[in-house]
Amino acid sequence: MSRSRIARSVARKDLRIEWNSRILTNQVAPFAAIVMVLFAFALDNEGILQRVAPGLVWLATMFSMLVVIQRSFAVESADGALDALRVAGVDPVAIFAGKSLALAVQLLVLEVILVFTAVVLYAVDISASGFGLLVVTVPVATVGLACVGTLYGGLAAGVRGRETLLPLLLLPVVAPVLIGATRATESAFASGGATVSEGWPWVGLLAVFAVLFVAVGSVAFGPLIDE
Amino acid sequence: MSRSRIARSVARKDLRIEWNSRILTNQVAPFAAIVMVLFAFALDNEGILQRVAPGLVWLATMFSMLVVIQRSFAVESADGALDALRVAGVDPVAIFAGKSLALAVQLLVLEVILVFTAVVLYAVDISASGFGLLVVTVPVATVGLACVGTLYGGLAAGVRGRETLLPLLLLPVVAPVLIGATRATESAFASGGATVSEGWPWVGLLAVFAVLFVAVGSVAFGPLIDE
Amino acid sequence: MTPRRGTGTPATARLGALVLALLVALALFGLVFSGPDRDQGESVRIMYVHVPSIWVAYIAFIVTAVCSAAYLSKRNRSLSWDRVAGASAEIGVLFVAVSLVTGSLWGRLSWGTYWVWDARLTSTAFLFITYVGYLAVRRLGGTQRQRARRSAVLALLAILEIPLVHFSVRLWRSLHQEATVATGGTDVHMDGLMLFSLFLGLVAFTALYVWLVLHRQRGLTLEDTVADRGLDAAISARRSEAVG
Amino acid sequence: MDTVIELNDVVAVLGGFPALAGVTMSVHRGEIALLQGPNGAGKTSVLRVCAGLLPIERGSGRVLGIDLATQREDIRSRVGLLGHQNGLYLDLTVEQNIRFWAATVGATENEITGAMSRMRIDGRLAGVKASQLSAGQRRRTALASLTVRRAEMWLLDEPHAGLDAAGRDELDALLRAAVQAGATVVLASHESERANGLASRVITIDGGGAR
Amino acid sequence: MDTVIELNDVVAVLGGFPALAGVTMSVHRGEIALLQGPNGAGKTSVLRVCAGLLPIERGSGRVLGIDLATQREDIRSRVGLLGHQNGLYLDLTVEQNIRFWAATVGATENEITGAMSRMRIDGRLAGVKASQLSAGQRRRTALASLTVRRAEMWLLDEPHAGLDAAGRDELDALLRAAVQAGATVVLASHESERANGLASRVITIDGGGAR
């Protein structure tokens, strides 16, 4: 059974679970949107909203991502399916690829919603070139996040004790992505007088992280989920 | 079996679970703290941090609260304990009081950590009178949050689809508390030139909400968790 | 219930005609007879929709709360209380939406932006969310009595949002110096005709509300009976599962 | 001898599906009634209805003289239910679990120690987290938490599942003692030999109906 | 006839506790071996060690000729394990579950339909979400997902639990057929009568040891 076909069926399975349970669309997305509203309400003094909008988008993404990841591995361990996967001798790399793919798809949906919300709620006006920058930034950042997230989730799915370390382990790793994405989005939104050209280097950084995490993840995932 | 004694044993049980699993201290609190750090990264332009610090503290509290609530009812439904509670004929008011109490304690711990983090990270300098204001604000706000959180957490427990609603239902109700607490904290932190005296009326508002939610919760919890 | 096409009766038909007439009258008074406002200009005409619709929404939610209380208090709990509550809430959400939309359009005209995070606007948005949540809870499933009980409790909680919205302005104002704009009421200077149009609007929308609720609650009754029919089929199918 | 459970053509719906499609049955005080039938027949649902957890959509019924349609909440405090799930708090130790359930019903120290020793929960085991128990150890903890209560009626869903040979015999003895003391037991089981030996009445459920 | 499981004084640790404290046992190809013993003895742990899930702390062992200490990962793809848990995705339908597991091992359409009909999964049941199944229906779904795989060795932890009378007989027939076809079966069970009738060898585990 070829690795890529297994990866695809794992991804399809995860997306189908999401489709059947609608957690993302009915739960996470509204939550994220509400997070944005709360930000708006809590921070809307002296009209700093436009300036911080990009940061908020990516923070909201982060929060939502944590929910989605926990969910993505909760379904595995809920009824002992992860053991079954291991015993089925499914190639860990395939599992990693599949779950990352599914996670990336869900994150993309989420980010589109969030960016849209931000544009509407925070009255951000975005230029054509800025839009182009955004269209590149979002997927690149997503790949990085999805891979780290899956890695983290695999760790979380393991022995109970471990998960206590997770936020501590994960968030520092994600911080660079968060910052890079925020800066790039700032340039795209031209918030705080940032220009689009300033944004591209950050996209480069994001790309580096994406590649890095894809590589690390494929290697490290197997040992991690494996007691 | 007196209502208050049952309430106490429910609260003790929840806190003991927390003590045994250390989710709050090892997972939620560091997470919240790191969130604050990330805020510091994401929003650190033109030193607006001091100004928005209060809002961030209470937003972080909100998000962490969602995690804690979900956890607090996840342990109930994990192995069907909620059914067992219902069949044991335990007085819903006692369950509500007990779980709210436990939640309040955990939130207090969290808020202390967050306020401290904010003071340190965001270089907030706080006057004696401001400190007094804070010492009153935090518990009062916490009571309100804990009660309303438990109330809707109970509704969100049980049937799957329901959890979709937790943020949706919680937000409008919590928002006033969030605003009141933020404004009061702003005065305490003297951020944006707010004065301490401006803070007290907000504490009054928070008190009103706290009383309201205690009353409403005790009445409504039973019917809501009850199939 | 005599079998009947649709959810109408002669009575509702007549009421419908009245509603139509009132709306036409409102359009005339709102757009033609009443003049432009001194500082609001022509845009003031939005008020004749914006304000009545939110007030009718208040009425709708109060009706929901009252019916819910009735359901919970009554010895013989009749589900019709619950259906009226549900219908009223649905129509109420509709009217809040109208008020939100007209309000933000008006905002675009008078303060140049669709939305500001001001107390009243935000609290209105929360009011909207609250009742959307209420409607969602009604669809959670379970038996009809479970639905009725659960949503009745929630309705009694949700009604608390209305004073919050109504007094939000004064509340926030009095506490915190922040320019709250959406209190046009005080700075719109009203001449008699305007006032009349405003209350004509109130009457027309109230009549419209009643008409809609009558139909909707009949619709809900039919939905419940249909659900019962479906259950009958499911039950006989289930019985036939028996092997022995 | 009076009737403690009386169901007349009861219909109960789970997620839109009529798990019970017209159940008519009755159980008398002091009986051990066995619910048997194929998977998905409705045994668990019957037990949940009798415990006042699952509302009935149609039909009528009384449990311990309480009407299911109007006051099923009142039944709960008077029955003890063991479902497929054990109802344990996985982050509490075995003893902490038992003592919590004991506290909710105000059981005495004697009742607690009695229940624990009856299920052979002693020494090391008492201090182990429920999450670290073997399947049968969990089942035994659940039974101990259940038996600290003085329920008038016990509703047990496959109580033997996971118990070892000794545990099964202990459980049977426990149930016989309970009915001696005037309680009523309704259990669902697929282990026909053992269950039939135990039961004084057999009710067969199939396709959501009892006949 | 060759040995497919060979454990010498194996020690396995779970959360700091020696779940297995020196197990020595062996199973030959084509046997149906029964693990029996009291709750907490270590039966589940033995099965997990044999499946290559649980690492061994001390001692040595070979499963299907593969060394447990060094390459236990290689065992997995060749055995099939049914634990106390069913390993289902609760948000997928019965059929979606089975087809997913089938896809991971590249089973053919015939094998899938065969496995489903063997467990009487048909019509309505195939389209039901796993979260809406009764206990026994879940067990049957798990067995179906397991049997789409051509495992050389089946490790079954109380496989009869929750199955109805018919299901138990079907399962026994299934296992007998499997060993006919050259597979090996190791099952843990507390239902001594039925299991003893099935097993060609009985291994008693107690206190984390086998003797």
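As written, the chains take the letters A, B, C, D and E, and residue 1 is the first residue of each chain.
What we mean here is this: a contact is a pair of C-beta atoms (placed from the backbone, for glycine too) under 8 Å apart; a residue touches a chain by one contact, two chains touch by 3 or more.
Keep in mind the model is a prediction, meaning the values are calculated, not measured.
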item: Other chains in touch with both chain A and chain D; value: B, C, E
item: Distance in touch steps, counted as few as possible, from chain C out to chain E; value: 2
item: Reference chain E; chain at largest CA-centroid distance; value: C
item: Interface residue overlap between copies chain D and chain E, same or different (over half shared); value: same
item: Mean-CA-position distance for chain D and chain C (Å); value: 47
item: Separation of mean Cα positions, chain E and chain D [Å, integer]; value: 29
item: Whole-Å gap between the CA centroids of chain B and chain D; value: 37
item: Contacts with 2+ other chains: residues of chain B; value: 21, 160-161, 164, 168, 171, 175, 226-227
item: Residues of chain C engaged with two or more neighbouring chains; value: 122, 141-142, 146
item: Multi-chain contact sites of chain D, meaning residues that touch two or more partners; value: 15, 17, 38, 40, 55
item: Pairwise chain contacts under the document criterion; value: A-B, A-C, A-E, B-C, B-D, C-D, D-E
item: Complex contacts: residues of chain B adjacent to chain D; value: 1, 5-6, 9-10, 13, 16-17, 20-21, 75, 78-81, 83-90, 226-227
item: Chain C partner contacts - residues on chain B that touch it in the complex; value: 155, 159, 161-162, 164-165, 168-169, 171-173, 175-176, 183, 198, 201-202, 205, 212, 216, 220, 223-224, 226-227
item: Chain B partner contacts - residues on chain A that touch it in the complex; value: 21-23, 26-27, 30-31, 34-35, 37-39, 41-43, 45-46, 48, 51-52, 55-56, 58-59, 62-63, 160, 163-168, 171-172, 175, 178-179, 182, 192
item: Touch list for chain C against partner chain A, complex; value: 113, 115, 117, 122, 125, 178
item: Complex contact set, residues of chain E against chain A; value: 51-55, 73, 76-81, 83-93, 96, 100-101, 103-106, 129-130, 145, 149
